[in-house]
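Some structures are shown below for you to check.
Look for chain A in each of the two complexes below; its partner is chain B in the first and chain C in the second.
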Partner chain A sequence: MKNKFKILPILIFLTITILPLVAGLIYALLNSIGLAGILADGFTLENWRIIFGTNDFFQSIAYSVTITLIVLFFAVIFALIFCEFLQTKVGISKFSLLFYIPLATPLIVAGFLTYQILGQSGLFSRIAYNLHLIKDTSQFPDMVNDAFSIGIVFTHVLISTSFFTIHFTNVFRNENISQLKVLSKTLGAGNGYYRRKIYLPIMLSKATPTIILYGIFILGSYELPMLLGRQEPQMISVAIAQKFQKYNIFDVPIAYCMAFIYTILVSTVLFILYKRKMLNNEVD
Partner chain B sequence: MKLIRLATKILLWIIGLLPVLFLLMLSLSEVWRFPDVVAKNFNINVFIAIVDNNTNLLATIGISLFISTVVSVFSVALGFYFSKTIAYHEKKRLWSFLAYLPFVLSPVIYAACLNYFFVVAGLGGTVFGVMLAQFIIIFPFNIILFLSHWNIRMQSYAELVSTMGGSTRQTFWKVLVPVSIPVLFVALFQSFLISWFEFGLTYFIGTAQIQTLTIKVYQSIGEANIHLAAYSSLLLMIPPLILLFLNRRIVFYTH
Partner chain C sequence: MKIVYLLICISLCLFSCKQEKKVLSETNILETPWDTILQYSEGTDVNLVMWQGDPFINKYMDQYVVPTLKEKYNIDLNISPGQGNDIVKMTMTSKEAGQTVGKIDMCWINGETFYQLRQTEGLFGPFVNKLPNSAYVNFENPFIGIDFQQKIEGYESPWGNVQSTLIYDTIKVPHPPTTLDEFIVFVKSNPGKFTIPYEFTGLTLLKSWLIAIAGGEGSLSGDFNEIKYQQYSSILWNKINEMKPYLWKKGNTFPNTLSQLHQMFSNGEVSFTMSNNDAEVDNKVLQKLFPESSKAYVLSSGSIQNSHYMGIFFNAPNKAASMVVCNFLMSAEAQYEKMKPEIWGDGTIIDLNKLSPDWQQKFENIPTRKYAPKRSDIQQYALMEIAPEYMIRMFDDFRKYVIEK
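Moving on to the complex of A and B:
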C-alpha cells in the first residue's frame, strides 16, 4: 500500500515532465526519417544526409557555441572582478539595483532596447551625430545585425554579468572567503597569491555547474539572435525555428532532424553533469 | 560628503533605471526622428491606447495575467505536493536530473517538437494550449525548487505529528503547508515571472494568435511601431520591477 502511494506521484511527475519530451523526440526522429508527418513516404535517411552533407547545421552549432563561450568568458571575468570589488571595497547593497535591473528585463525587451540604443539610427548614433563625431548614420559602427554579432554578445554579457555577479556574491558569502582572505593575509600572502590560490579556485569550482547550465541557456536562446542577429550564420534556435516557419515544406523534416540532434546534445551535457554529481541541488 | 554620497546614489539609480527611462521616453512620445536624441510630441495618448480597440492592449494584459496566474498557481501547488515524494525517494538524484531536462532545453526547440501533439489535440493556437505548454516547463522548475525545501527538519516535523497521532492529511495541511508559506510565495512569484517572460513556447504553441505581452512586443517591433513596442515592454517590466522592490532574490532565481 505504501509503495503504491510512492509510485503514483512519481508516475504523474514523469507523465508531466518526461513523457512530452520523449514523445516530442520520437516524433522528431520519425519525421526526420520519413515515417511521420505530411511528407512521410516511407523510411529515408535523405534528411540526415542533407544535415551531415552540408555545413548549415554544424555552422549554426559552431556559431552558437562560439557566441556562448565568448559571452561566458567576458561575463565570468567581469563578474569575478565586480564581486571582489563590491565585497571587499563597498558592499553590494549600494550597487545591487544596477545588477538586478538587467535580470528584471525580459530578453525580448532587452533585444528591443539594444536595437534602439546601439543600432545605426539608435540613441548612441544620434548622440555621436549631435557631437559631430559622425556625419551620416552609415559612419556609425555596425553593432546590430552585424558580422561580429556585437549586439547579441553585448546584451548577453550585460545580463549574464549581472547574474554571475549576484551568484558569485552568494558563493563568496557561503564559502566564507572574506575570512579566508584575512587568514591568508595573516600568514603572509599577498593580494595576487590570495586571488590565484584562494579566490579564483573556490569561486570557479563552486560556480562551474551554474556556469555550464547558464551556457546551455545562452546556447538555446532565441529572442536576442532573432532580433539582433544576421541571416547567416544563425544561432541554432533561430535556424530551427526559421526552417519550421518557412513556406518550404521540405525544410520541416530537416528542422526536426536538427531539433533531435540538439536535444540529444544538450541532454548529454546534462547527463554528464548528473553523473559527476554537479547538478545544482547536489552541490548545495 | 553627504551631498557627494547622495549624488552618487542618484547617479546609480539613473544608470540602473536607464532602460526604464528610455522605454518611458519612447512610450510617452509620438515622434523620434533621426537625429533627435530626445523624442518629441510627448503626451498621454499612450494611456488611452490601453483601452483602444485597435491596440488590443487591455485584452493582451488580461490574457497575460490570466495565463501567468493560472500556470503559476497550478505549477506551484502540484510541484509542492509531488516534490515531497520525490525528495524522500531513494532515486531522488535521477528524478532531479529528469526534472532539469525540459527546463534547460531551448523553449523554441521544445515547442517545435511538441507542436504536432498540440495541433492533433486541437490545442494549437488556444489559451489552454499555451498554459499547458508553459506548465510542462514550470512544473519541473518547481520540483527542482522544492527539492531542497524537503530537508530533514521538515521530515522531523512530519514524524513528530505522526507520532502524536496526526493523520497524513493533517500533517500536510496543518503543519507542512503552514511552515512552507514563505517558500510557497517565493515559488509563486518566480513561476509567475517565468510565465510572464515566456516567449518561445507561447509564440509557437499559440501560433502567434494568443497575444501575451511578449508576443505584443515582438509583433510591434515587426510592424516598426517602436512606441507601442516600448509601451508594451514597459507594461511587461512592471511586475518584475515591483518584485525588485519587494524581494530582489526572487528576480535573481527566476533567471
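Moving on to the complex of A and C:
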C-alpha cells in the first residue's frame, strides 16, 4: 500500500510532464518520415535528406550555441562581480528590486526597447547626431540586425545578468561565503586567493546546473533573434518557426524533423552532463 | 445538493436548446432557403479569426460590424486574432484529430491561405452563390473571381479589393522611380534608403517585378511554369543583387515584418515603405504614424491587385450564421462604411453598376483619398496575382540567391 502511494506521484508527474513531450516527439518523428500528418504520403526519408544534405540546420545550431556561450560568458562574469560587490560592499537588499525589473520584462518587450535604443534611428543614434558626432544617423554603428548579433547578445546579457546576480547572491548566503572570506583572511589569504580558491569555485560549482539550464533557455530563444537578428544566420528556433509558419505547407515535415533532431541533441547533451554529475549541486 | 442538481439540469437544458438551434443539418445547409438560414442564425454566436494588426480595421469591426450584426440579425460575432499560416495549421490539426465540429467558424483569408486551405480541404462550400448579396458582385471580374490563379468556386466570399503601392516621402524623394531599372539607379545614388521586407508585402513587390521582367500582365498567368520561373527569376535576382550593396544595411539583412519597415519609414531611416492596400497610406497619416508628406503610388511596370475574402471552416460549428455574416459583409451598407477613407478605405468588391442609383451615388460621393492615388488612376497598372507556387519559390530563392549571397 505504501509503495502505491510512492509510485502515484511519480506516475502523475510522468503523465503531466514527460508523456506529452514524448508523444509530441514521436509525432514529430512520424511526421518527418511521412507517417503522420494530413499531407503524409507514406514512408520517406526525403525531409531528413534535405536537412543533412545542406548546411543550414547545422549552421543554425552552431550559431545558436555560439550566441549562448557568449551570453553566458558575459552574464556570469558580470553577475559574479555584481554579487561580490553588492554582498560585501553595499548589501544586496538595497538593490534587490532593481535586479528583478529586467526579469519582469517580457523578452519581446526587451527586444523592442533594444531596437529603440541601439538601432540606427534609435535613441543613442539620435543623441550622437544631435551632438554632431555623426553627420547622418546611418553612420551610427550597426548594433541591431547586425553581423555580430550585438543586439541579441546585449539584451540577453542584460536579462541574464539580473537572473544570475539574484541566483549568486542566494548561493553566497546559503554557503556562508562571507564567513569563509573572513576565515580565509584570518588565515592570511589575500583577496586574490580568496576569489580564486573560495569564491569562484564554490559559486560556479553550485550554480553550474542553473547556468546549463539557463543556457538551454537561451539556445532555444525565439523573440530576440526574430526581432534583432538577421535572416542569415538564424538561431535554431527562428529557423524552425520559419519552416512551420511560412508559405509552403510541405515544409512542415522539415520543421518537425528539425525540431526532433534539436530536441534529441539537447537531451543527449543534458544526459551526458547528468552522467558527469554536472546537473546536481554537489561540490567536489 | 438538490439545488446543485437542479442548476446542472437547467444549465444542460439551456445549453442543449442553444446547441439545437445552432446545428442546422450539415448535409442540407446549402439547399436550405435563405429565410430559414436567417431564422436558425438568430441568437447564436459566430467565432471569427482575423488579422488584428490595424486599429482602423479593428475599430470598423468592433464599432460597426459587431453591433450591426447584433442589431439586425441577433448574431454575436466574437473576433479573435490569427492569420495565414496559423489558420492553416489550425485546420490541419483539426483534420488530423478527426474533429468534425470545431470551435472557430470563419476566417479572413487572402490568396496563399486560400490555396493552402483548399489543398487541405479546410474550407466549407461552395456557399457564396447562396448569399443574396453575391448578386451585387461581378464574379467574372478576374480580380475577384480568381484568387492567386485559383477560381474561388464559391469557397470564399469576397470582402475587399486592394492594389499594392509603394509609399514615399515627397520631401525626401521628389521624383520616385517607377520601374525596377529606375529603382536600381535611385538606390545607387541614395544608399541605405530602400529595402524590401522579407514577408508577404515584399514578396508582392518582387512578384510585380517578376511579371514585368517576364513581359507584363498575363505573361505568367496560369499554372506555375518552372521554365519561365527559372528564366525570369534569375534576371530578377541579378538585378536585386546589383542594388544589394546600396540597400538598407548594405543588403545584409532585410526587415522581417512590414510594421518594422513602416517604423523605419516613419522615423526617416528609409525613404520608402509599401503596402498591399492602396488606401493604407491615408490611414497611417491619419494615425500620425507617417508624415503628411507621404504619398502612395504604383509602378508604371505594374502592381498587383487582389481581393481578400471570408472563408468558413469545414468544421465550423455555426455555418448558417457564418453565411449570414459573410452576406452582411458583402452588403452595400457594410462595403460603403468600409470604403470611407476615415474608416478603413478598403476598396469595394461590389460592381457599382449592379446597385440602385441611390447607392451608386453614395459610393461615388465618398470623399477621395488624400495621400493615396485614385483607384481609377491606378487600375490600368493592375496585375493579377500569379500562381501561389511562384511566391513559395521566391520566398526560398530570395534567401538563397540574395540574402545568402
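By our rule, the second predicted complex is superposed on the first by the 252 of 284 C-alpha atoms of A that agree within 3 Å, B and C clash if a C-alpha of one lies under 4 Å from a C-alpha of the other, contacts with A are read in each partner's own complex, and residues count from 1 in each chain.
The rule is simple: a residue touches a chain if its C-beta (ideal position, glycine included) is under 8 Å from a C-beta of that chain, and two chains touch if they have at least 3 such contacts.
What you see is a predicted model; the values in this text were computed from it and never measured.
K.L.:
Examine A:103 and indicate which partner it touches, taking first as chain B and second as chain C; both and neither are also allowed.
P.N.:
First partner only.
K.L.:
For A:244, is the partner it touches chain B (first), chain C (second), both, or none of the two (neither)?
P.N.:
Both partners.
K.L.:
Check the contacts made with chain A and report whether chain B or chain C touches more of its residues.
P.N.:
Answer, by number of touched residues of chain A: B.
K.L.:
Kindly classify A:38 by the partners it touches after superposition: chain B alone (first), chain C alone (second), both, or neither?
P.N.:
After superposition on chain A, A:38 lies in contact with chain C alone.
K.L.:
Once chain A of both complexes is superposed, is A:121 in touch with chain B (first), chain C (second), both, or neither?
P.N.:
A:121: touches chain B and chain C.
K.L.:
Determine, under the contact definition given at the top, whether A:145 touches first (chain B), second (chain C), both, or neither.
P.N.:
A:145 contacts chain C only, not chain B.
K.L.:
Of the two partner chains, chain B (first) and chain C (second), which one does A:137 touch, if any: first, second, both, or neither?
P.N.:
Touch partners of A:137: chain B and chain C.
K.L.:
In the overlay, answer first, second, both or neither for which of chain B and chain C A:13 touches.
P.N.:
first
K.L.:
One more residue to check, A:188. First (chain B), second (chain C), both or neither?
P.N.:
In the superposition, A:188 contacts neither chain B nor chain C.
K.L.:
Would you mind listing the overlap between the chain B footprint and the chain C footprint on chain A?
P.N.:
Residues 36-37, 121, 137, 227, 244, which sit in both footprints.
K.L.:
Of all residues in chain B, which touch chain A in the complex?
P.N.:
Going by the criterion above, the answer is residues 9, 12-13, 15-17, 19-20, 22-23, 26, 34-37, 78, 81-82, 84-86, 89, 93, 95-102, 104-110, 112-117, 135-136, 139-140, 143-144, 147-148, 196-197, 199-200, 204, 214, 217-218, 221, 226, 229-230, 233, 236-237, 240-241, 243-244, 248, 251-252, 254-255.
K.L.:
Which positions of chain A touch chain B when the two form their complex?
P.N.:
5-6, 9-10, 12-14, 16-18, 20-21, 23-25, 27-28, 31, 36-37, 94-98, 100-109, 112-113, 115-117, 121, 123, 125-127, 129-130, 137, 159, 163, 166-167, 213, 216-217, 219-223, 227, 236-237, 240-241, 244, 255-256, 259-260, 262-263, 266-267, 270-271, 274, 277, 279-282, 284
K.L.:
For the complex, which residues does chain A have touching chain C?
P.N.:
The touching residues are 36-39, 119-121, 137-138, 142, 145-147, 226-227, 230-232, 244-249, 252.
K.L.:
For chain C, which residues count as touching chain A in their complex?
P.N.:
Touching chain A from chain C are residues 84-86, 88-89, 92, 95-96, 112, 116, 119-120, 192, 198, 249, 252-254, 256, 264, 267-269, 388, 391-392, 395-396, 399, 403-404.
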